[in-house]
Structures are given as C-alpha cells and as structure tokens.
Amino acid sequence: MPELPQIVEIRRTQKETGQHQTYYFEFDKAKDAKPGQFLMVWIPGVDEKPISLSSIGKEVAITVQCKGLWSEKLCGIGKGLKVGVRGPYGNGFSTEGVKKAIIVAGGCGTAPIRPLVEKCLTEGIDTRVVVGAQTAEILLFRKELEDKLGDNLYITTDDGSAGKKGFTTDALKELIGEDKPDVVFSCGPEVMMKAIFDLCEKEKVECQLSLERYMRCGFGICGQCVMDDLMVCKDGPVFNSEQLRNSKEFGKVARLKSGREVDLKEFANWRQC
Amino acid sequence: MPELPQIVEIRRTQKETGQHQTYYFEFDKAKDAKPGQFLMVWIPGVDEKPISLSSIGKEVAITVQCKGLWSEKLCGIGKGLKVGVRGPYGNGFSTEGVKKAIIVAGGCGTAPIRPLVEKCLTEGIDTRVVVGAQTAEILLFRKELEDKLGDNLYITTDDGSAGKKGFTTDALKELIGEDKPDVVFSCGPEVMMKAIFDLCEKEKVECQLSLERYMRCGFGICGQCVMDDLMVCKDGPVFNSEQLRNSKEFGKVARLKSGREVDLKEFANWRQC
Amino acid sequence: MLETEFCGLKLKNPTVLASGILGTNAALLKRVVREGAGAVTMKSIGPREKLGHPNPTVIEWEHGLINAVGLPSPGYQNIESEFAELKNCSAPIIASIYGASVEEFETVAEAVAEYKPAIIEINISCPNTKKEGQIFGMSPEMATDVVSAVVAKTGKIPVMPKLTPQAPKIADIAVACEKAGANAICAVNTLGPGMLIDIEARKPILANKFGGVSGPAIKPIAVRCVYQIYRAVSIPILGMGGINSGKDAVEMMMAGASAVGIGTATHYRGIEAFKLIADEIKQWMKEHEVKSVKDLVGAAHD
Amino acid sequence: MLETEFCGLKLKNPTVLASGILGTNAALLKRVVREGAGAVTMKSIGPREKLGHPNPTVIEWEHGLINAVGLPSPGYQNIESEFAELKNCSAPIIASIYGASVEEFETVAEAVAEYKPAIIEINISCPNTKKEGQIFGMSPEMATDVVSAVVAKTGKIPVMPKLTPQAPKIADIAVACEKAGANAICAVNTLGPGMLIDIEARKPILANKFGGVSGPAIKPIAVRCVYQIYRAVSIPILGMGGINSGKDAVEMMMAGASAVGIGTATHYRGIEAFKLIADEIKQWMKEHEVKSVKDLVGAAHD
C-alpha cells in the first residue's frame, strides 16, 4: 500500500513523432490499470510528473512530448533510464454500460486514448475515433490506430497536412449528427475539452473528459490539483457531464504551483503543453 | 501483532487459600496458549507483572499470591477490576512425545501446573503429580487435583499438615524409584527447581523446569530477565535439562532490577515469593 | 453528544481539518465541512506568492506521509475571493498564516484579520522550509515575539500558534505563547524533518531532501506534546498528529486536546474521514457512557 | 564483501547491537555475536546502582516500541565480572556510559576505560530520564563539556557520543563533539519522548508516562540526522533508528553511516536479526555489483 516510488528501468522506447516518444517498462501495480489512469513518474534529481498510461499490461508505457526539463531528460536518455513510478492514480474512463462511443483525442491527449480504444474494441463497443493534431508530423499512433480502426478513424489537422483540415470538434459534430453515441470520451487541451463539452451538451450526449491540473501528491491529500471541490488526481482526471455542468472552474480557471487561480490562458501558457 | 496491553475486566474470582486467589477473564489471544506461558498483567497506576496462566480456554485465569503492592491491589478489588494484559509470552511446557510424566508443583508454582495437568490428562499421558506447600492452608487447587488425579496425586507439606511431611523432592525421588517417567515437569521456587534438577540428573530423567527472573518487556528485547545467554521471558520460562546443565547461573545467581547479579538467596529475599 | 466548544466557537463535533490538507480553495473546504468536519483550516497563507518546492513533494511510506510541499501560497494579496466564498460556510474557518520574520507575520495577520476568520492559526512550525516556520517555534523568545506581534494586529479574532514537536521544551513554548496573548495552542505540526532515501536511485526521494513526517508514526510524539502542554497552560489545545480513528481522537483528547486535527487520515480513510472518526468517537462515548466530549479532555491526567 | 572498518576496528559486517537491547550480561552479548553481529554495545553503565523505572517499561505499539526502562544499571562498580567474561569475545565490545553531570560522566568513563572496551559510547541522549541523558545532547556547549571531559579520561580508547534526534540542530552538536575530541558519532537514540495513553484505563501506559520511541516509525528521522551529520563531520557515524532489513541498512549507510545499529529489529526478526540483515545487505550488494560496504557510505550525497 505505501505509495513509495518504485524504481523501474525503461526497457525500450518508440519514437512516435518528432516530438513524442513512448517508454516501455514493467510495473506490476499498473498491469490492470484503467485507461485514463496515470502514474507519477520521478526522474531522480530532476522532477516528478503525472503521466497517463499509454499502454497497459504486463509491460506498460507512457508517451511523452519532449518539451521541458523533465521530458528532455527522459528523451535524452531513454532506454536504460531508471525512473521511480507510483500509482496508478485517478479514476480512469468508465465503459460500463456503453454500447456506442465516440472517442476524441487531441495532441498529447492521445496517450491515454490508446489503451481506451483497445478496451472499447475488446469489449465490442461500436467505436469511432477522432484524432487531431496541429500538423501531420505530430499526430500520435496514426499507423496503429488506422490498423485497428480502419474506417472508424477520423483524422483532423489544423493545417490540413493529414486527414481533414480543421478541429477535432468539427469532426465530432459530424459524427454525432450521423449517429448519436452513448458517450463521448475525450482527452486533450482544456480549451478543446470545453468545446467538446459544449457540443455534447447541445447535442444532449453524455461525455467523459480527462482534465489536467498541476499535481503534487497524486493521491488526493495536498489539494494542489483542485477544480471546484474536486481533486483532479483522485476524483478525476476523468469527469462526467454532470460534474462538468456543475463546475465553475472547468474551461475557465486553474491554479498555478502557488495555488493562485488564473484564467485558463495563463495556465496554458505556463503549462505550454 | 502489536503488544499493547488489552484491557480486560475480571469476570469472577475464586479464593483458593488464605493467600491465593484466582481471577478469571476473557482474553482471546491466550485461548490456545500452552501451559507454562504467562501474561504481563498491568494494573493501571500500580505496576505490571508476569503471571502464569492458571487456566486456558475461552475464559483464562491467573492465580496470584497476595503479598505486595500489585497483588494486594488485585486481591483488594478483584471482580470488576480492569487490568491490561499482553501475551501470552514464553515457550511453555512441551508434552511432545511424552507418554509418562511426573509433575511437581511448589507453592505459587502450582498455578501453571494446573493447565499442564489438564493437558497431560487430555493427551492420555500417564501422569503422576506432586504438589507441595509449606502448610495445608496454602496448598493450591487441592480439591480439583484430587478429583482429577485420585491416587496419582501426592501431597507434601513442610509441616505435615497435609499429605506427607517433607519436601516435594522427597516424594519425587520415591516416584522415580517406583517407575521412571519420560520427563519431570516442574514449577516452584528456584531452590526447589535446583533440587529437582539434581535429582533428575542423578536418576537420568529429563526435566522441564519453569524459572523466574525479574522482567520488563516480556518479549525478549530488554535483556532484563537474562540467565546465562538465555532470556527467561522468551527462551523460557521453561528450560530443559540440557539448557540447565550448561547453565552457570541456574540455582546460583539472578539479577535485581538494576541488573546487578546477586546470589539466589538475595534475589529470593528481594522477591520473597 | 459530539457538540463542543473550542476557543468560544461552537463545533458540531471535535474534528478539524488540519492546515495544508485539501485546504487550497473555498469549494473544497466546504466539501470537507459536508463530509463532517467540525471546523476547517485553510492552507497556510504567506506574505507573497510562493511556488513551494519542486516534486516529489508528498510521499507515503510505510508508517505515514513525508512532505516538503514548501508552503506554496498565492500570498495574502490573492485570497480575497476564497474568503468571500467562505462567508456562508456552516462551520468555523481557521485561517493559517506564516512568515519569515516578525514583520511578515504581522503583515499577513493584519491582512487576513480583515476577512474575519474564526481563528487565526500562526504556523511557526513548518519543518520543510528554510526561513519560514519552524525556527520561530523553537524558542520561547521567538514564539513570544511572533505571537505578540500578531495579537496586536488581529483585534478580537482568537490567535492560535501552531507548535513543532521538535521544540526542545514544547511546554515552555506554549507557556510563552499563552503569556504573549495566544487564545489557543495548535499542536503539533509535522515531525522532523525526516528523510527517505531511495536506495536504487541513491538519492533522497523528496526534491527538497527533507520533509515533515505525519500520520500514524508520529502519534506518540504528538500525544506527549499535547499532554505536556495541557499541564502547562489553561488555553484550549487543538491536538493533531497521527489521528486515524475515533480511538486515536479519544486518546488525544484524554491527553488534553479540546478538539482534534485530522490531516493524513484523509489519505488512509478518504475525505469521509471526518464523519467516520466523529462516528467512532460517538460510538466509543456511548459504550463508555460518556455524555460530552468535554468530559474526555485531559482525562488521562491524574 | 561485508567486512568493514569502524573507528579503526575491523568488523566482520556493519551490523552492531544497539545499547540497551539484550546487552545486560556478557553471555548474552556473546550470543548476539554468534548470531552475527559485527560488534555489540553493552547496556549503558551509570555512576551508581540504579533500578530504572517501574513497569510497564517497554511496550510495542503499531509502528515500533516505546520504552522507559530508565537506565537501570548495576553501576560501574559492579561490572568487572562482565568485562572479564567479555575478554575472549570475537567481536569488538562497545561500552556505553551515562551520567547526570560532567563529573559523573568523567568518573564512569575513567572506570570503564580500565576495562579497555573497543569504544566508549557516551549516552547523552536518553529521553526517559530526568537528570541523565538527553539534556547533554541538546546543546553544543553541554555536549562539548561532556565529551572533552570523557576524552581526557579515556586515553587511546575511541570515544563516541550518542546523539538525540530531538536536538534542535543535530549537525551542530556533532560538530561540537568532533571538535571536543570524539572519534565517532552514534546517531540516534530513541525519539521523543513519546506517550501512549490507554483510553480504557485513561492513563499513560508507561509507568514513567514518557518513553523513547524506536523502530520503524523513527527511520526517516534517523536517516535525516545521519545525513546531516555526515555533511558536517569527518569522523565515522554509527547510524541507527528503525533499521529492520538489509535495505534499511543500505539506506542508512547511503545517508552516511559507516556501520548500523540494530535494536528494535531483534524483536521483529528475532535475535537472528543480525545474520538476516547482514545477509540481505550482501544480497543487495551482489545484485547491484557493489564490492565493499564502504562504497555505500554516503552514496546518497551529491
């Protein structure tokens, strides 16, 4: 039970895009994790970060964008690097009772979507998936998702370099129009989450959206990741429509390391992921 | 596992002699204890003492001589008194492989002998029992032992007021002469233990003797109850012939509260039980 | 049965959320009240915006937590909205403050007093920061300086210094605080600091290396502190450190606490810890025919 | 692989019996050596015969032990026979001494030095006695007084003050000791004092009310102390407090301990704890291709 970091060695890495890499390692505690759950990943001497599981099983994986101190250390060393992991934390996506789903992934948010797609397909859920990125080069898991989903994969890029030009929300709107799903699952930048939420509300479709806040403990005690009266690390990171409907902070404000509330733009700039 | 005292209430008491009383209470941890094991019995605000179990089962009991601060508090209040108990501690007597036994009890030492007699009879062991005391009035469990043992009970008193006049060792010598047992079990003052040991050595009979030292922890860490390189609380209080044979201290010296080694007479005076 | 009074405040039960646990915003504090807390303490507020330490900052080990969150705070300048939202809270709000000098404590106290919290807790006991905290709780003289300065700025709002179990003689500190005008004592903050080393990484786990120890491991130390303080002062004590069950709470009250702080237990037992612990206290009181929690306070003293 | 050196002594492995655990007589100390200890510490010896505190004196709670044995001792006048019997012991013998004044420490040190123990440990850190112990370990000045006085009486025998984790700045105490002539530092003694209250009895459990906390609960505090001392002094450290496994021992060595004391673990793992822990250290070293325990000492420091 104690949540001490367990040191694991990165067994292999997979370059996904010019900016993203996947790191595989064994971590028994996470072998039955739910898609959407995350680990706290400690690089000794550097930092510790919450990172979604991008693959679940005997071997698990995380997929990280190289962009800052911590992730560049990870990129830089890669295979053989020893990191301390604790978790899995958070609630994860719930597929209970779902027969028909649309999954929408944006940027880094595609990481937790990978095992979710896997799960939906295994459970025989009718699954359509939208994956978006700014440009083709940084589209995650394209080949793998194409193989698995065929016609059920819809790609969007901001610049039209792959799939349809435009936002994931445009694609989602069309798909809902064609055939209403039981639920929309999504992970991506919070502005995108907000747009998806608004769309789902309008279309009267339930959604489960994965959000991000700065975290410290990861297990619901320090209060750092608070959104309204919810702890994103423990009550989330996946929230359902009802929770989001009642939220005053979703899509609007978030807290910096100091706990100071700032509007989402400022938070996103600081976060810049 | 933590050895915190558990508060139990004395359910009933039984006056055994003018000096001894038995106290019954429930203490689940001791319900399967071995005869010869003991409890640390704490009277809050008074003291904590090692006391042998004189009855084992759903209800357990201790039998105590009223003689000092602690035991007089116990006598004085009796039923309804709340005491803190921890244990059972120590090794207890071992009846493994025993077919024929002689049990010798002296004074207070009759307390742990009571459940031992019970056990031997239950296991179908051919059991002869010698019980001794200074005088008839302070002979423990006489009626009960007579009922259970009939002709196999041999009583001795120093003054001849009950049974045969003389020491328990005199009776033991006779019984060994009649029919050699596999083992002699005994508990009583250490001078008596020494005499029994010497006799058994001479007669080439194995013995298991229960000894007493001043105790603190009761579970083998503080070193207070040391005899040679043995901890009486954990390695004992029951020792076999081989252990006693190798002992330099048995029957000779013991340690006061300070840890100062004194000869047995001085220890016995201090102890005066 | 569980209703009690602390420092003139009515509490529906003696459980109080400890500072730095979940207390980052008004909404979550109110949720803790809904979950059963008799009162709640906000995360300690500092003299300016402060980021706290880098991660890892909070780690669970076998016998409790160790943390070096490092007193992150938006600063007293940025908390008006939280206080505004807390106005209609059904339980008393304790505001916790810290500083790195007597002047800083004064400044924060004066600003926070404007928002009229039920009590102002003075955190002179954080073991994981260099300049703030613990140092002021280690000597009666420094504690006196901070407490008198704060008392002078807070008007009628009761003031409650929070002490460190690391103090050489905690009862002397408490006495000094009482003399300096404190209306209650909060005891104790996290123990230590302590350190965990990951032997595979060959490094201390916390980025700050040192962190305060809380939870079950520290209960005997916390109980001793409260026991000693109770004999030394006549103001009420908010006792905390390792309380994880109703029985732990009863033990702390018997040592002398008028109310009990709950921190780490919210990890072990969930946010519902307050209701669970309050129910367990009630259950124990019923079984032992104790009519009021007030009858438990100090019961272990001769 | 496990052989090491401490303060000029050869140890077959770095595990050392802590003072006050089983160390009452020569025979039991020798048994501990047979059970695998690299060195053994005798129970602290005082200036006169002392009975210690009444029972209960040692209690196991959920996360360790709490004890108020109260430094019982036959007094230095009554220990000649034990030393005589220890002459042929195959491992180094550490004699621990205490006093209630500088003069008492001097007297005991002088007498004990006659028996030529491998090291004399100066216990200035017992938290469960009024006059003896802890007080001398709380300020650099008092520690200096005791250590210099002892050093002046003990000739070539290395001297090792044993420090309390309760010290406000333990590294300062260690530095003062080093300057006063100490040859090693022992850190730490039991934590606290702490207190356990039995809520049914409504009384502290220990007859002395207050007792020192040992075992798993105190490990993070002990590790922090050793880490801080290691940075401050250049004499070797005997690290102890909550070591229950080979991994704990490795952690303590990485913090800076040259050898590790084992106390409470003899309860959890039996008297064979020494062999078990030494084997576990060896196993870990093999798995991590560490050639000598010396390579572990201080490994967690940058």
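For reference, chains read A, B, C and D in written order, and residue numbers begin at 1 within each chain.
Rule of thumb we're sticking to: a residue touches a chain if its C-beta (ideal position, glycine included) is under 8 Å from a C-beta of that chain, and two chains touch if they have at least 3 such contacts.
Going by UniProt, the chains are A, B = Dihydroorotate dehydrogenase electron transfer subunit; C, D = Dihydroorotate dehydrogenase.
From a predicted model like this one, the values you see are computed outputs, not experimental measurements.
Excluding chain C (Dihydroorotate dehydrogenase) leaves the other chains in the touching groups A | B, D.
Following the contact convention of this document, no chain is adjacent to both chain B and chain D (Dihydroorotate dehydrogenase).
Distance between Cα centroids is largest for the pairing of chain D (Dihydroorotate dehydrogenase) with A.
Chain C (Dihydroorotate dehydrogenase) and chain D (Dihydroorotate dehydrogenase) have centres, each the mean of its CA atoms, that are 33 Å apart. Separating the CA-averaged centres of chain A and chain D (Dihydroorotate dehydrogenase) is a span of 51 Å.
Centroid to centroid, with C-alpha atoms defining each point, chain A and chain B lie 69 Å apart. Taking each chain's centre as the average of its CA atoms, chain A and chain C (Dihydroorotate dehydrogenase) sit 36 Å apart. Under the contact definition stated at the top, the residues of chain D (Dihydroorotate dehydrogenase) that touch 2 or more other chains are 61-62, 196, 202-203. Contact topology of the protein chains: linear, an open path with no closing contact.
Across the whole structure, chains are in contact as follows: A-C, B-D, C-D. Across the complex, chain B is touched by residues 20-25, 27-28, 30-31, 43, 49-52, 54-62, 65, 67, 69, 72-75, 78, 81, 196, 198, 200-203, 205, 207, 263-264, 266-267, 271 of chain D (Dihydroorotate dehydrogenase). Chain B makes touch with chain D (Dihydroorotate dehydrogenase) in their complex at residues 1-5, 7, 40, 42, 44-45, 47-49, 82, 84, 215-224, 226, 228-231, 248, 255-261.
Across the complex, chain C (Dihydroorotate dehydrogenase) is touched by residues 61-64, 66, 138, 166, 168, 191-197, 199, 202-204, 209-210, 213, 216-221, 223-224, 227, 247, 250-251, 254-255, 284, 299-300 of chain D (Dihydroorotate dehydrogenase).
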